[in-house]
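Below: a set of structures, written as structure tokens.
Below, chain A partners chain B and then partners chain C, in two separate complexes.
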Partner chain A sequence: MAGFDKFAERLTRNLARGSSRRSLLAWIGGTVTGAAALPVLPVSRAVASEHGGGGGARASQSTGNIQDPGDPASCDYWRYCAIDGFLCTCCGGTVSSCPPGTEMSPITWIGTCTNPADNRAYIISYNDCCGLSSCGQCMCNRNEGDRPQVRPQSNNDYNWCLGTESAVYNCSTAIIIGVALDS
Partner chain B sequence: MLAVATMVAGAGAMAAVGEGKGAQPLPGVSDPRQAHIDYMLKCQGCHRPDGTGSAESAPPLRNMVARFLGVEGGRSFIARVPGVAMTDLDDRRLAQLLNWALYRFDPDHMSPAFQPFTAEEIARLRAQPLRLERIEVRERLLARMEQEQAPGK
Partner chain C sequence: MRRLGVVFAGAFLAGVMSVPAAAQTFPDPLPNEPIPSVETLPDHYPPNWVLVHDFNMNSIVDGRVAIADIGSPDRALKGFVRATQFASFLYSSAKNEIYTAETFYTRFDRGERTDAITIWDGVTLQPKGEIILPGGKRQASLGYKSIFQFTNHERWALISNFTPAQSVRVIDLENRTVLNEVDLPGCAHIYPTGERGFATLCADGSMTSIVLDEKGQVASSKVLEKIYDIDKQPMFNTPAMAGTTAWFVSFYGQLKPFDMSGPVAKPIAGSWSLGTAEGGTPEWRPSGWQVITSDAAGLLYVLMTPNGKEGTHKDGGTEVWVYDPAKKARVRRIALKGAAMAVDVTREATPHVVVAGADGSIDVYDAATGAFVRTLGSTVAHMPMSLTVVTP
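Up next is the complex of A and B:
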């Protein structure tokens, strides 16, 4: 038993003599930072999700109009620059119409987005579709121009299912209602 | 889909009214197109393209908003409600937007003697925005309207 004791003591003393406490701290610090930095690498991000969240394997869609480029079922589509919600294009609707069984809210969140085809700012109305429970597909949260809740008229975290029969939120559309002036 | 069609048609009709070449210039509105776009960006989401508003979120403008000009305290009320006073437009554009909205949504109640809002007046009024008391103030003004109209009927 005494031999075992001696062996353990020698091992501990050797370890204490051969390594500094600072190097242990440095090693732990490096590991923690490294683990935190790993998901920041672009490779990891590209796998994890697309811009603004969402993702998952999904057939791409097209507007069929070269003046309206991109995939309306992707959160990267230009009209979604200020959206916060599920894309109706993934829920049985389209970018400008509601899925069957839901009602479009007349009260909306409005913003502007730049169309990459002509670099002009278009006024986009994010009419919510209401009356069925949350669609749960293609969550997209980009929020450009969103303001805190102290400015309720410029905050998109509210439920905009107002003026509809039901206040239950299903998904969001992105309808062009005009072209903004340059200023 | 019907809602979309209605919305687009509404926007088109408004554009025609606001931007028609032969139309009379509206007092206090130097750029009706800018006023219309400001309305779309800052107001229309709740007050709707045709100004009818909704009971839950934004009172109607249509056939209503200019009636406030006829009662004492009404003119300052429409410049001090939070949606107007706190919107992020400069005083000049906000004055233009208010003048435009009055003529656009309630021409029948506009008096020929109406003095358009100026940037200076807006700057003064929006410095004292209404907050939660807005509902109470509005109720009081509506009651005053009813009173003043009663003898004439």
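Up next is the complex of A and C:
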């Protein structure tokens, strides 16, 4: 977290950059407190694309909650609309927890995904799990609302194993941190 | 070990002396072969060689930079160097050196972190030296080319940091030292300018140009406001360089050139669009990681998907659209065998379009006709992310 403290310090010393600073501060607020009020990003039901391995047939999973529908071990699951990485549900973790032996990154990127059961747009935090080599199972890359790296809070190309003991990437979760406000 | 070796060799030779009858067809045995024997590569890589960044997603800590001969389908992989843990790399054909920027831990995935640039000899692929990057700041992400760039005639390199604080380090490759770190909050990626400097794009839509003095310190800087609109026309991070013109392409197919020849990057007035075509569902858009490149003549090559809509910008392209900026017109469409994530064009006398497929394959097409030439299959890399052709 030392780097993050320095980042915050640097931000306060560089208050000249209006809009980018505001969006960054919103991002920090969102990721640290989990209570951002973010506009609804365009959400479409893009076909999941896969790059890499671990795409073989596997038995489906269920959340057991009809308000949280779909297969969390499948790239089509609604929360994965902007994910890029291995699904922790296939790696010993769950959609909202990391596999044993890893550490969850406190800093991350976020997406806005629509839950088909209640038709609400949720803010999803894609916290990476870190400290073990690539899981290698259930690679999933979807990019709804993903933007270039100059907008880090909306970019899934970064290794978000930041602020952890180790930056080695294992898998990605998809955690609900709030309901998006309509813009 | 030596004694054991003699015993082993003795047993081996005794076996050889009992020649089976069938071997009389071949009265002379195969000659002995020298041990040890290790291949080397030429001083100057030929123009049909391509450096392929293998991100190796299934084991990111074992990433590589592969050297591939696109004219040799049976022996395409000439060798590789290590590129661990979200590495990025550069290749200097003048010095025949590969530079990998990497991150290491003393216990593989844990322990003390070291970031370093390793300098690899292009002939032996052995490390010649390294430059330590202190502070654990190096940007770990997909290995976009514009996070690690040369300046000052390849004597220096510029490398992005992301902690998530953003800064750029100035590296003296010849003296193997870090010269400077330029804080650039809100800005990302490195686009070299002039003799010694770079521009960077910032999240507020501005572009900042930095001029460096002979010691790598900031001599001057210039901010141009409202250069682009990330919401209306988000641009892919990495442009195609045609001479000293950087051609950016937006998610929606608009082209935006910048003159990088002077100390300050300057937008070039005008409008360029890749246009549309039949068959889009709903429309053709650029898609991939290394989505745009140029050839020696300045034509642009862009990976395009017919499934263009929100979120498809990294699915990969099934066609390459060839665009002539001088004519402001698309001059060719090259249909690919499958979705490709990266594209580059060789500087051969007969240039080839090389694409890295989403399935890991490397395919080769004739740049002038678009005709399919050959596939190297997945014999070069597990997950090819970027392609760097050898330039003279």
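Assume the second predicted complex is superposed on the first by the 127 of 183 C-alpha atoms of A that agree within 3 Å, B and C clash if a C-alpha of one lies under 4 Å from a C-alpha of the other, contacts with A are read in each partner's own complex, and residues count from 1 in each chain.
One rule holds for everything that comes next: a residue touches a chain if its C-beta (ideal position, glycine included) is under 8 Å from a C-beta of that chain, and two chains touch if they have at least 3 such contacts.
Only a predicted model underlies this, so the values are computations on that prediction, with no experimental measurement involved.
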Margin query: For A:123 in the superposed arrangement: first (chain B), second (chain C), both or neither?
Written below: first
Next item on the list: Look at A:141 in the shared chain and tell me whether it touches chain B only, chain C only, both, or neither; answer first, second, both or neither.
Entry: second
Note to self: So in the superposed three-chain picture, is A:181 touching just chain B, just chain C, both, or none of them (first/second/both/neither)?
What the structure shows: first
Margin query: Contact-wise, after the overlay, does A:162 reach chain B, chain C, both or neither (first, second, both, neither)?
Written below: both
Next item on the list: Could you say whether A:106 touches chain B, chain C, both of them, or neither, answering first, second, both or neither?
Entry: first
Check: Of the two partner chains, chain B (first) and chain C (second), which one does A:81 touch, if any: first, second, both, or neither?
Finding: second
Next item on the list: Please tell me which partner, chain B or chain C, touches more residues of chain A.
Entry: C
Note to self: According to the stated criteria, A:131 is in contact with first (chain B), second (chain C), both, or neither; which is it?
What the structure shows: second
Next item on the list: State whether A:151 touches chain B only (first), chain C only (second), both chains, or neither.
Entry: both
Checklist line | Doubly contacted residues of chain A, that is, touched by chain B and again by chain C | finding: 107, 151, 162
Next item on the list: Within their complex, state which residues of chain A touch chain C.
Entry: 3-4, 6-7, 10-11, 14, 17-21, 23-24, 42-44, 46-47, 49-54, 81-82, 107, 131-134, 136, 139, 141-152, 157-159, 161-162, 165-169
Checklist line | Sites on chain C touched by chain A in the complex | finding: 57-61, 85-86, 103, 105, 108-110, 113, 136-137, 139-142, 144, 162-165, 183, 185-189, 201-205, 230, 234-237, 307, 309-316, 339, 341, 358, 382-383
Item checked: Touching residues (chain side chain A, partner chain B) in the complex -> 96-98, 103-104, 106-112, 123, 125, 127, 151, 153-154, 162-163, 175, 177-178, 180-181
Checklist line | chain B to chain A touching residues, read off their complex | finding: 1, 3-4, 7-8, 11, 15, 33-34, 37, 40-42, 44-46, 48-49, 54, 56-58, 83, 86-88
